[in-house]
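After this come two complexes, each holding chain A, first together with chain B and then together with chain C.
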Partner chain A sequence: MSRSRSDRAEKLLELADDELVLGWRNSEWTGIAPYLEEDVAFSSIAQNEIGHARALYELAAAELGTTADELALGREPEEYRCAPLVELRQLEWARTIARHFLYETADAVRIEALKESSDPEIAGLAAKVDREEVYHRIHADMWLDRLQASAEGLRRLREAVSELWPYALGVLDEELRPEWVERIRGRLRFDLPEGRPVTRAEHTDDLRELWEEMTMVRRSAPGANW
Partner chain B sequence: MSDPRSPRASEVWAALSEIPDPEIPVISLVELGGEPDVRVISDDSWSSDKITPEGREKLRAAGLAPPAPREASAPTLVQLQSAVFRCPYCGSKHTKLENIFGPTPCRSVRYCASCRQPFEQFKTI
Partner chain C sequence: MVWEVFRQERKGQAFQHAGSFEAPDQTFAETYAREFYGRRQESVALWIVPREHIETIGDFVDELGRNYHRVDGYSLKTKLKEAREQVAQRSG
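Then we have the complex of A and B:
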């Protein structure tokens, strides 16, 4: 399947896998977030991301002659095209907010580019998705300001950003990355860390673990209709 | 498929007008501005502006503030925090944002300082 895949399908899978895997990670706060409002917020964001993944998989599936479910849950872990940033399991608030901000900012740059696509299906879906993503960005921005307003918040955010930086660099390709870096620089009250991108060609052990959980039910009944 | 003049389409529309939205039963799918095709996600044709005036009034009467009209640019935090959103209970604009995400992804939670009532505000999507 991967040999003859078009660039279009490849890009759609990158996006869809990012949204699916991050949706799963965000949903891990359901029931245990620091307070109820954030429990609800991350659950809603997770639900949106998985909805976006579904729509993206459907576009890719139509081209690849398969189904959205097959793409989402029927591949081996090493076949996923997500950025390692979204794979990391991190139930720690500053890291969660740091990833949320770094990812949503990258997603905004990517969606802006896709809205200009000459492919009407992709441009249309990007515009649609963006109307929900704007609320994710507002939420991330609000939290970024909140953390940066106190010395402890700033210190913890800075540590989290340093740790995640190489992964965050791997979300966008070289063409879009500089725009993302400038937007991040404009928002953070500290200097950007150094680092080399951890790209989509690599995967973390966290993905394997997530995959086991995410595909467990489907693997328990091969060939079943859901 | 969506030509409302053909008998078949009109039957579909009539049936849809009786189907409540699963999350907000006070409003029907037609009032929500939907089409006889539930798989609408992959295009940009639906927005919260498509909710009909009847649908908006029913939402408000149920204590759910209807969405503000879409603007050329995307909403910002400053806008959401501004006091232009009207309380569905008392009509006051003296309301503030409590949380961007409410009981479902499409609703925010606001608080009315005039009648001291929290309420759900539909997002502009």
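Then we have the complex of A and C:
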């Protein structure tokens, strides 16, 4: 793959990789979420994220002269541009909700900026994606409120947020991050943790493991036409 | 808390009972209703009602067997058949 990708393609890949990997992680709750209704709802959010990833990969693929599948599943783990926040495997509900809330809030800030893009394709796709993301944010917000409404929920959420904080800081760049921090501060009933951002250049071991699983079928038959 | 869902398939049509689900409060219920009964564009509107707010009436007394109150108490088919036979006899 070309090393001299445009900023546009680079940004699209960051976004697409975030959505693909988080969609994958969220889908790990399918069948084992806390109760049936949530199982269906959270699986559906996971599916939406992967749908957004596809649309973003398609836009990047048109520019890079490749395909969405090739970008999504044909790269090496170190080539992925996702934020380490979405890579973490965490089958614990308070952590999942904490990440969901931290990520969706960041995504909202990012999409708002993209909707103002001078590139009509990007602005158009951002507006489309945003119409679905509204419901992800409602879902994240309602769970955040629910956790913060009980002493145990609040304690577990607080632990989760302080653990995830450095990773969450790495989702947005320095330009958009302050706005995100203010929105988070406005929603949490406790003080924000301290920390330095874990950047997109620092992948976790969890990504390598996920990549093995995610690309397994495709790698089993190289060049196959699915 | 159990919620009952009624969905409207097209504008102007009657709402029909679609099913039920559990949700702890109204915000959760709205989110789940949208996911389960709306995301495939299968409804244009939903009503969601906590089951405990639905009043069930199930006692219908008919001690004297007044079947003329019921739509099945009077067979139009039989009456028609009789009338046709009478006409046939007269003209035959």
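Everything that follows uses one rule, which is that the second predicted complex is superposed on the first by the 225 of 226 C-alpha atoms of A that agree within 3 Å, B and C clash if a C-alpha of one lies under 4 Å from a C-alpha of the other, contacts with A are read in each partner's own complex, and residues count from 1 in each chain.
Note that in this section a residue touches a chain if its C-beta (ideal position, glycine included) is under 8 Å from a C-beta of that chain, and two chains touch if they have at least 3 such contacts.
Treat the numbers as computed from the prediction; the structure is a model and nothing was measured.
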Next on the checklist: What does the overlay on chain A give for chain B and chain C, a clash or a fit?
Outcome noted: clash
Checklist entry - On chain A, which partner's contacts cover more residues, chain B's or chain C's? => result B
Checklist entry - What is the contact status of A:Arg146 with respect to chain B (first) and chain C (second): first, second, both, or neither? => result second
Next on the checklist: Going by the contact rule set out at the top, does A:Arg208 touch chain B (first), chain C (second), both, or neither?
Outcome noted: neither
Item to check | Touching partner for A:Arg155 - first (chain B), second (chain C), both, neither | outcome: neither
Next on the checklist: Going by the contact rule set out at the top, does A:Arg189 touch chain B (first), chain C (second), both, or neither?
Outcome noted: neither
Checklist entry - First (chain B), second (chain C), both or neither: which does A:Val40 touch? => result both
Next on the checklist: On chain A, which stretch or stretches are contacted by chain B in one complex as well as by chain C in the other?
Outcome noted: 37, 40-41, 44, 135, 138-139, 142
Checklist entry - How about chain A: which of its residues touch chain C in the complex? => result 35-37, 40-41, 44, 135, 138-139, 142, 145-146
Next on the checklist: Show me the residue ranges of chain A that touch chain B in the complex, using the header's touch definition.
Outcome noted: 37, 40-41, 43-45, 47-48, 51, 54-55, 58-59, 121, 124-125, 127-128, 130-132, 134-135, 138-139, 141-142
Checklist entry - In their complex, what parts of chain B are in touch with chain A? => result 41-44, 47, 74-77, 80, 98-105, 109, 123, 125
Item to check | chain C - residues contacting chain A, complex | outcome: 21-24, 27-28, 31-32, 34-36, 39
